[in-house]
Every structure is written in C-alpha cells, then in structure tokens.
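Listed below are the structures to be examined.
Both complexes shown next keep chain A, but they swap its partner, so chain B is in the first and chain C is in the second.
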Partner chain A sequence: MNILVFIKQVADTEARILIKGDNRSLEIENKYNLNFFDEFAVEEAIRFKGKVKDSKISVCTYGGKKAVEALRTAIAMGADQAYLIDNTDLDTDDPLITAKILAGFAKKEGFDLILCGRQAIDDENGNIGAMVAEFLKIPHVTAITKLDVVDEKKIIVENDIEGGKETKEVQLPALLTTQKGINEPRVPLITGVMKAMKANIPVIDPVTLGLAKESLDRNASKIKILSYETPKGRPPVKIIDGETPEEKVKKLIKLLREEAKVL
Partner chain B sequence: MSKDIFVFIECKEGSIRKTSFELLSKGKELAEKLSSELYAVLLGFDTKSLIDEIKPFAHKILSVDTELLKDYRWDTYTDAMEYLIKKYSPYLVLGASTITGKDLFPRLAARLDAPIVSDAIGIEVTDGEIKIKKPIYGGKIISWVTTQNTPISIVTFRPNSFSIVKGDTAAEVIDERLEISMDSRINTNRIDKGGSKKVDLQEADFIICGGRGMKGPENFNILEEIAEILGGRVGASRAVVDSKWRDYEDQVGKSGKTVSPKLYIGCGVSGALHHTMGMDTSKVIVAVNKDPNALIFQYADYGIVDDLFNILPALKDGLKNLKQEA
Partner chain C sequence: MDFSFSKEQVFFREQFTKTLNEIVAPHAATIDQEDAFPHEIFKKIGNLGYYGMRYPQEIGGMGADCTTFTIFAEELASVSISFAAIATMQCLMGTDFLFRFGNRDIKERVLIPAIRGEKIGTIAFTEPDCGSDLGAIKTRAIKKGDVYILKGRKLWITNAEVADFVTVVASVEPAKRINGLAFFLVEKGTPGFYTGQKIEKMSARGSVTGELIFDECTIPASNLLGEEGKGAQYLESILSEIRVMIAGLGIGLAKSAYRSAVMYSKQREAFGRSIGNFQLIQDKIAEMETRIRSAWLLTYYAAWLKDNGKQAKKEAAMAKLYSTETASFVVDQATRIYGSYGIAHEYPVERYFRDARFLLFGGGTSEILKTLIARECLKT
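Coming up: the complex of A and B.
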C-alpha cells in the first residue's frame, strides 16, 4: 500500500510576526515547525503501516528549501521517503494551486491512502485536503478521530460532525484529514533522527507534475492579498475592586449591562 | 455579469442555524449595494416549515427538498450546489466555517475551480471589488484579501461575525428538482449525536470557560448553571480537556474551537497564547483569576482578581436575579 502524507512547515505559534512597511508582506521570526495537525497525520500513517503489511509512507510538501526540516521530522518519526516540491519564485496565496500541485504529485506517485492535517495553523484554511480529494476524484473525510482497517480495500473512520460523531465505511483510495484526539504523535528516537539526517530528499520541480508554469504563479492566483494589519488591541483591562466577592460581582454585572451592553 | 449572492442555509436538528441568519443579513446588505438578488439556498428533506422563516431575509429561496439530502454528505451536497451554481451563476457564495462548511466548501471550490476564502470575519464590497477580512496566524495578523481571475468567489465566515437584521422581503420560492446520487464509496454507519441538545459552542452568544483553576470536573456544575441562566455554553481550556474533566468538543483554543461570543468569561484560565488564539475575537472578555499577573488579563475587558470559588456563587446569584427582574 502506498500511503502519502501531505505536510506543511508553519511558523511556530510563539514566533514573532511583523508586518513589513509595504503592509503586504510579513517578517516571520525563524521558528518553524511541522504543522500541529500534520503530526497526527504522520503518526496515523505509521500506525496504519503497522496494520497493513508491505506499506510504504511517503511524505511530501510544497514549500521552500527550508521545508525539508519538516520532512526530516516526519522521517525521524518513521516515514520511509520524503519529497520536496520546490515553490521558490512561485509562492502563491491560492489553495487551489497548491492542491492541484499536490494532486499532480499523488497521480504521479500512486497512492492508496492520503493523509493531511485538518488545517494549517498559519493560513487557518482547512481547504487543501478536500480540494486534493476532489482533484483526484476520490472520497474524503475531514477531521477524523479514529481509523480502523477492514482490509486492503476498506477502512472505517470516525469523525466529528455537528453535535456528535459519525462512523463511516470508506473504500480506498481515499483522503483523510486528521484531528486532534486521533493519536498521540510520537517523539522521534535518536536512531530516527540519525536516519532523517542522512535521508536523501528529492527536490521536484512543480512544472514536472503536469501543470504549466504560468498556471502556478501569482498572476494565475485567484486569491490576492491586499494588505495585512495588526488586530486592534483591547483597551487595558478594568480590574474590578470591592471589599467582598458580592460587591465585585455586582459592579461587574452593572458594567456588563450599562457599559458593555451584553447582558 | 450577475452580481447575485448565494447564502448556503445550514440546518441542525431540523432548524436553521443562527449563523445562517447572520449570513443572510450580511448578504442582503451586500446585494443592496450591488443592486443584485440574494438567494437563500436550502438543501434538505421536509424543509417546508423552514421556508417561512427565511422569507423576510432573502429575495429568492432555492429549495431542493429530497430524502437524499436529509443528512449532510459532501457528495450529494456538492452535486446539488454545483448544479444550482451553474444554473444561476452567482457572483458570491457565502457559507459558515462550521464543521459542515469546512467539509463542503473546499470540495465545491475545487469542483468549480473557484477561489475560496475560509474562516473570514468580515466582508466589504466597494466599486465591484470584494474585500474579505480574515485572521491568520492564530489571530496575530489580520489579512485583507480579494479574488481575481474568476466570475465567482466562495467565502466562509466564523459564526457570530455579523449581527442579524430581519428584513421585510417576502422571498419568492423556487423549487428545484435534480438528479442526485450518493457516492457508493462512502457508507455512513452510525451517527452518535452526543452533545446535540446543547447550544453549539461556536454559535453561543455567551461562553463561560473553565480552566485548571476549577480544580476538578465536579466544580463545572456551577459553570453549567450559569451558562443555562444566560442561554450559553460551557467551554474548557486544553488543560481541562487533557485531564478528562470535560469533553474535547468543549475545548476553546488553537487545537480546539475558535469562538467569538458576545461575552466570554474565563474562570481559572491562565490565558496561554494557544488558548487566547481561540477566543480573542470575542466581543467582551471577562477574566476571573486569583493571580493578578495572569496573562488572560492582557486580553480581558474586565477582570476580577479573586478566588473563583468565592466569585462564582455570587455571579450565579447575581445573574439569576437579573434574569428574574427582566
């Protein structure tokens, strides 16, 4: 079985992010990680491989040269092979383009199961998974919290739906996006880290994936960033004083009614 | 070219979700600016009784009423939306970034090769240009984006992004019939609607959120009581969910749900970045913490520095009295 995992390197939540003078680009502190939700995808691929013999896990990202770090993290965890689709000079803000490239890679590589994270924590879109599935004409399930293997052609997954959970039987090939709760991603062992350091990671030119160069750049993008701004901060907190808890609460309720007008 | 607007109506437990009325209200405002029509798109089964509720909010209602659309599935819903969009060529399709919206709209966008902006919190249309407001990097940055090279754009919004304005139109109802088939590669076995009776966390106007300072699961009862008085929901920090005091579906924050209620009250929550990322777009934030240096006070509008076990009973009584007076 060919298992593909699409992963993304993202700025750490603690990284400092500044808006540059033109208001159209960002300066991000050099602190990057494998996307939080993608760790679950890599971990689940490793567990899947443990259940279905002769499985191979390939991880792939569409990103800059630096993104090999995230690929190496995935290898250190237990992925077999990694690929970097190089986006140098092609950086776009349109998930349609990223999804087309990843779908192109999947077609070329072959797959039985594709795993993605539920959402990238930088763009906060949650689009890529279902889009890739649509481009490949395969079923998808978003935000899964459980994956069981029936046989080489069928899996059972559980996912969050409005107000509850649903269990679905899905025929492979399929694409799944992973949600927190599905597993506890492992911390790589030192042997894994050594293997990852030595791993040969092919760099792929996206143009070789069946898409014309003009269709991949900013001009082809259907999404355009106009500007960035910092969120308006709140005025400083009003600490409510009083002799007793009752007095404080009374003052709070009055403020919530008369000043904030939310009660 | 049409400048018509589609709003996808989302139903839950046989009623229309509040967030759909928010989108209809915003959609109406945009349609007026664009001198175009606002279509409410209602997919489902046995939805007759819901139509009257939407009439004042839209110019037209597109209704597809068939048993095959009874429960949401991406395959049937994508087919139905694709059909209607190709038939009516709207300029904008608005939906909610709920679990359903996050499943349906990216698939639909890929099907139509249409741009999608997800999890937005605002939209403006000036001189024919759409400007969409969307937080990124956990709300550390706000981006303004537009679409280009396309006749149609899809945008999904966080619940509670817009206020509800009831209109006075009497929408024309158009019954659409189309061939729909289910994708045989997916079989839904069992639906376990655990917390379905409660107000949805993302849609709640009021959230009272407990952190590790609550000390144990039994102490959440008083939060439940307060939530009930105000018709809201109890939320939890990850520390609480990891300790199994509350279910994951209650978790607010980066790895949980993003909420923006009218009023958020954090009790015994320290205000770690991963938590505040999920609630800092709330309209009004109140924090109760015994540590005056707790980070949460940097995000709050009002703060009480005290032991929450003293404050909560007083808060419960105070709110109860308030409701009784009203």
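Coming up: the complex of A and C.
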C-alpha cells in the first residue's frame, strides 16, 4: 500500500518572531520543527506500515528549500521516501492553492491512504487536509485519535466529539488528519538519523504536477494576508493592600465586579 | 576555506539536540542533585544507538567522524555534564579497546550489549598514588598458565560502582614503567574484583566516581586486550580523540553558561537599567563570547585535521587546554553576572560553575597539556 504523509515545517514555539516593517511579513528566528500534529501523522503511518505488509511511506511538503529538514526528520523516524515541492517564488497566503498542489502530487504519485496533521501550529488554518480530500474526491476524517486496519480496503477510525468519541468505518483510499493522543511519536534511532542524513530527496517543481503556473502564484490567491499584529501585552499586576485578609477580599471582590467585570 | 558544517552534521546536531531535550534535559538538575547513576536515561539513549556512533554499522554503529562525535559531545555537555561524562565514557574510552582488541566472544557478549546500553563500561588507569604519571602504575598483572592474576587498586574511576565491565591498565613488567603496561578486560562478578569507596564530589555528579579493587583477581588470558607492553601506545592512539571530545564538552558547557548570562543581563535591572547596559557587564559578555568562539575554532579545526587523516596531536592538546580553561572562565563570569543568584542551587549556572572543574583533569591536566604543547613547539 502507498501511504502518503503531508507535512509542514513550522517555526519552533520558542523561536523569536518579529513583524517586519510592511506589517505583512514575518522575520522568524532560525529555529524550525516538523509541525507538532504532523509528527502524529508520520508516527501513525509507520505503525500502519507495520500492520499492512508491503506498505511504503512517502512524505511530502510544499515549502521552501529549508523544509527539507522536516522531511529528513520524517525519514529519521521511519518514512521511506521524501519529496520537496519547491515553493520558491510561489509562496502563497491561500491554503486552497497549497491543497491543489498537494492533491496534484498525490494524483501523480498514487496513494491508498493519506495522513496529515489536523492543523499547522503556525497559521492554524486546519483546512489543508479537507481540501486535498475534496480535490481528490476521497473520504476524509478530521482529527482522528485511533486508526485500526480492517483489510486493504477498509479501516476503522475514532475521533473525539463533545463529551465522548465517535467510531467510523472508512473506505480506502481516504485522507485522515491526526490529533494529539493518537500515538506517542518516536524518537529516531541513530540508524534512522543516518538514513535521513544520506537520503536523496527529490525537489519537484509544482508546474510539473499538471498545474498552470498562473493558477499557483500570488495573483491566483483568493486570500491575502493584510497585516499581522502582536497580542496586546498583559496589563500590570495589581497588588491589593489592606490591613486584614477580610478587608483585602472585600477590595478584591469590588475590583472583580467593577473593573474586571467578571462577577 | 570553509567553516561550515556539512548538511549531515547540521541535521545530526538538530536531531540529537531534540533527543536530548526530550530524554535528558528535564532530568539534568535531578541527576546532579541525587548523584546517582541515571540508569533509565542511560538505557534510553543506548536503545537509540548513540553509544555505537563511532563504530561501524555492522556492529550497530554509525561510523561517525571526529567532527560529528565532537558535535555529540558539545550538545551533551550543554545539557548535562554528568550525563555527558557517562555517555562519552560508553562511546569512547569504555569500549574502544574491546572494539579494537576484543575477540569475537568479547565483542558479542560485552561490546554489542554495551553499544545498546545494556551493559555499562569504564576504563581504569588512575590509582590512589598516580594519575598523570602512568609509568608509576602499581597494579600488577601476572600471567600463570592460561590466566592472568591482577592485584592493585584503582581510584577516580567513572561508573566504578555500576560498571558491568572495565578495561584495566596494569603493569606486566614494572621495571619497564610506561612500556610495561597492558590492557585487560575484567567483568563484574569475577572473583577477586570488588568495588570500594565512592567519591563524593562537586562536579559531574550522577556520573559516579569511585574505587576498584583487584585482590588476586583471576581472568582468562584471552582477556588481555592487544599485546603486553603496548598499553601506553594504545592509550596514546586515542588520546587526541579524547582531547578533542573533551574540548567539545567545554564548548557545550561554556555555551550554556554564556546563554544564561546573556539572558539574565537583559532581564535583571539595577540603577534603573538592565545590567547588560553596564560596560563592565558588556566586557564579560564580549570576553566570554570571544573565548568560546576561539575554543570552537581550535576544537573543530583539530577534529577536521583528524577527519582528514592529518596529525592533530598538538592541535588536540591545544583545543582541550583552551576549551576547558575557557569553560572555567565562562562559568566564573556567568555566575558573577547572576550576582548572589549565581550561587543558588535553584539556577543552572550554579551547576555549570561546579561542573566546569570536571573538565580540567581527564585527558591530561592543563599543566601536562602545556608541557606537551611546548615540547611539540620546541621540536621544530
């Protein structure tokens, strides 16, 4: 079986991020990681491969040249092959375009199962998986927390719903996005790290995926980022004074009512 | 000229850092506090295959070059000197002579499990009365038929109380001093092999250090590693690698202390400004960074020499000398920047301060290294 995993390289949660002068682009400290939710997808693919013989895992990202590091991480964990679809000069604000490109890749590569993280922790769009599935006209389940194989045509998945969980039967081929809790992503073995260090990762030009360049560039974007803002700083801490605890509590309640308006 | 690491080395550093942050970093302070061998962490890193990194793939290693091994040391030390001491012992001094001279049985029974983190190894040459002066080793090995009988005491031995096996340096011919040494494998449980006192110390705690006693300890003659009389020569052959590795440890520790100090200089305020605004604090920061960068250049230059098959004896000695002295300098400056907090157990800089001392002795003291460097200089 062909398992595809779509991944994204994102800024580390501790990386310093500054908004550039134009307010529309970011300057990100050189600290990147494989997206948190995508680690679950890679791990699940490896476990799936363990259950269904003759499976092969290909990971793919649409990103800049640097994103090859995230692909190598996936290989270190256990993926067989990786592909970088190079977005140089094509970087878009519109996830629909990204989804179109990934779907184009999936069609070309062939697949039985596609996994990806439920969302990227940088832009938090959370819609790539669903859109790729739509382009490919295949079933899709979001944020799964369990994946069981029935046979080569059928799987059972679980996802969390308000107050409980839901179990679904899904026909393959299908696209699933992974949620935290589905597994414990592995720390790569040194042999995996070595394999990843040496892996030859083909770079794909998106126009070779049967998509016209005009349909991929900035002008084709139906969504454009206008500006970024940093969150407001927290208001200063207020220390409540008073002679006795009773007096302090009284003052606190008054403030919670009148200033914070939470009571 | 090109001062950059290869893509592979960059990737290795990244992966290893992540692994350390997940498995070791959360416990670094506890390892130091408890001063007990961290068995669980030791096994976890072993299961991932890191202890074999210098060895060929056929036996579970990755055939890493000296540069990659130095990166390994650097990243270890920036997280925990205690664990760095344990891991580097397992990768290099504790297993190297088994790899080079062990027969098939020794390799399969001892070396391969050690690489997987299932057995703990160490090396023992230091004695209560001698460290730098290996010619003064008193531990004797006497051959009787097809066994050797060992008699003597070793002190300052890393992992002494937990080691499953040890490479022991003993004299087969005391009159020949340094040319009368040989290496032997002794396994835990061998009659006449005991562990003695544990040394309470301030640095590299958790990498437990202690005494080994050989009282008519009888081992098969096949446990002789290499040839009689060649011990010093064998040790010499990995000394440069050991020195570059320890230099890497120095850089890692110094970098951690430096990073903490810079962060604190920006946060801490005095006289209405962050202390980083004061020229005397800036002087410390500039000195620290410049020395760390110099140590870095020397160390990776020595590693590069080794990887390119060039003579690196003097450079490795200079790297170890300069990098470990730099680490001691940097932890001193960093803790000054922290003011009184610099001596509080609560802050990692206090641990860095204590740990830096560990780097000054093994692989040659600064005095010994200077002697060696000068001797090389005067040769020409």
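Just so it is clear, the second predicted complex is superposed on the first by the 250 of 263 C-alpha atoms of A that agree within 3 Å, B and C clash if a C-alpha of one lies under 4 Å from a C-alpha of the other, contacts with A are read in each partner's own complex, and residues count from 1 in each chain.
Keep this in mind: a residue touches a chain if its C-beta (ideal position, glycine included) is under 8 Å from a C-beta of that chain, and two chains touch if they have at least 3 such contacts.
What you see is a predicted model; the values in this text were computed from it and never measured.
Chain A is touched at more residues by one of its partners, and among chain B and chain C that partner is B. In the superposed model, A:117 makes contact with neither chain B nor chain C.
In the superposition on chain A, contact is made by A:72 with chain C only, not with chain B. Contacts of A:206 after superposition: neither chain B nor chain C is touched. Of the two partner chains, neither chain B nor chain C is touched by A:63. In the superposition on chain A, contact is made by A:188 with chain C only, not with chain B.
Once chain A of one complex is fitted onto chain A of the other, the partner contacts of A:196 are limited to chain C, with no touch recorded for chain B. Shared interface residues of chain A, touching chain B in one complex and chain C in the other, do not exist.
Those residues of chain B whose C-beta lies close enough to touch chain A in the complex are 12-13, 72, 74-75, 78, 97-100, 102-103, 106-107, 109-111, 113-119, 131, 134-150, 153, 183-196, 198, 200, 230, 248-249, 254-256, 262-263, 273-274, 277, 280, 283-287, 292, 297-306, 310-311, 313-315, 318-319, 322. The touching residues of chain A, when paired with chain B in their complex, are 11, 13-14, 17, 19, 26, 36, 93-96, 99, 121-135, 138-143, 156, 160-171, 174, 180-181, 220-231, 234-235, 237-240, 245-246, 248-250, 252-253, 255-257, 260, 262-263. Of all residues in chain C, only 7-8, 11-12, 14-16, 18-19, 22-23, 47-50, 52-53, 57, 62 touch chain A in the complex they form. If you check the complex, the residues on chain A that touch chain C are 69, 72-73, 76, 187-191, 193-194, 196-198.
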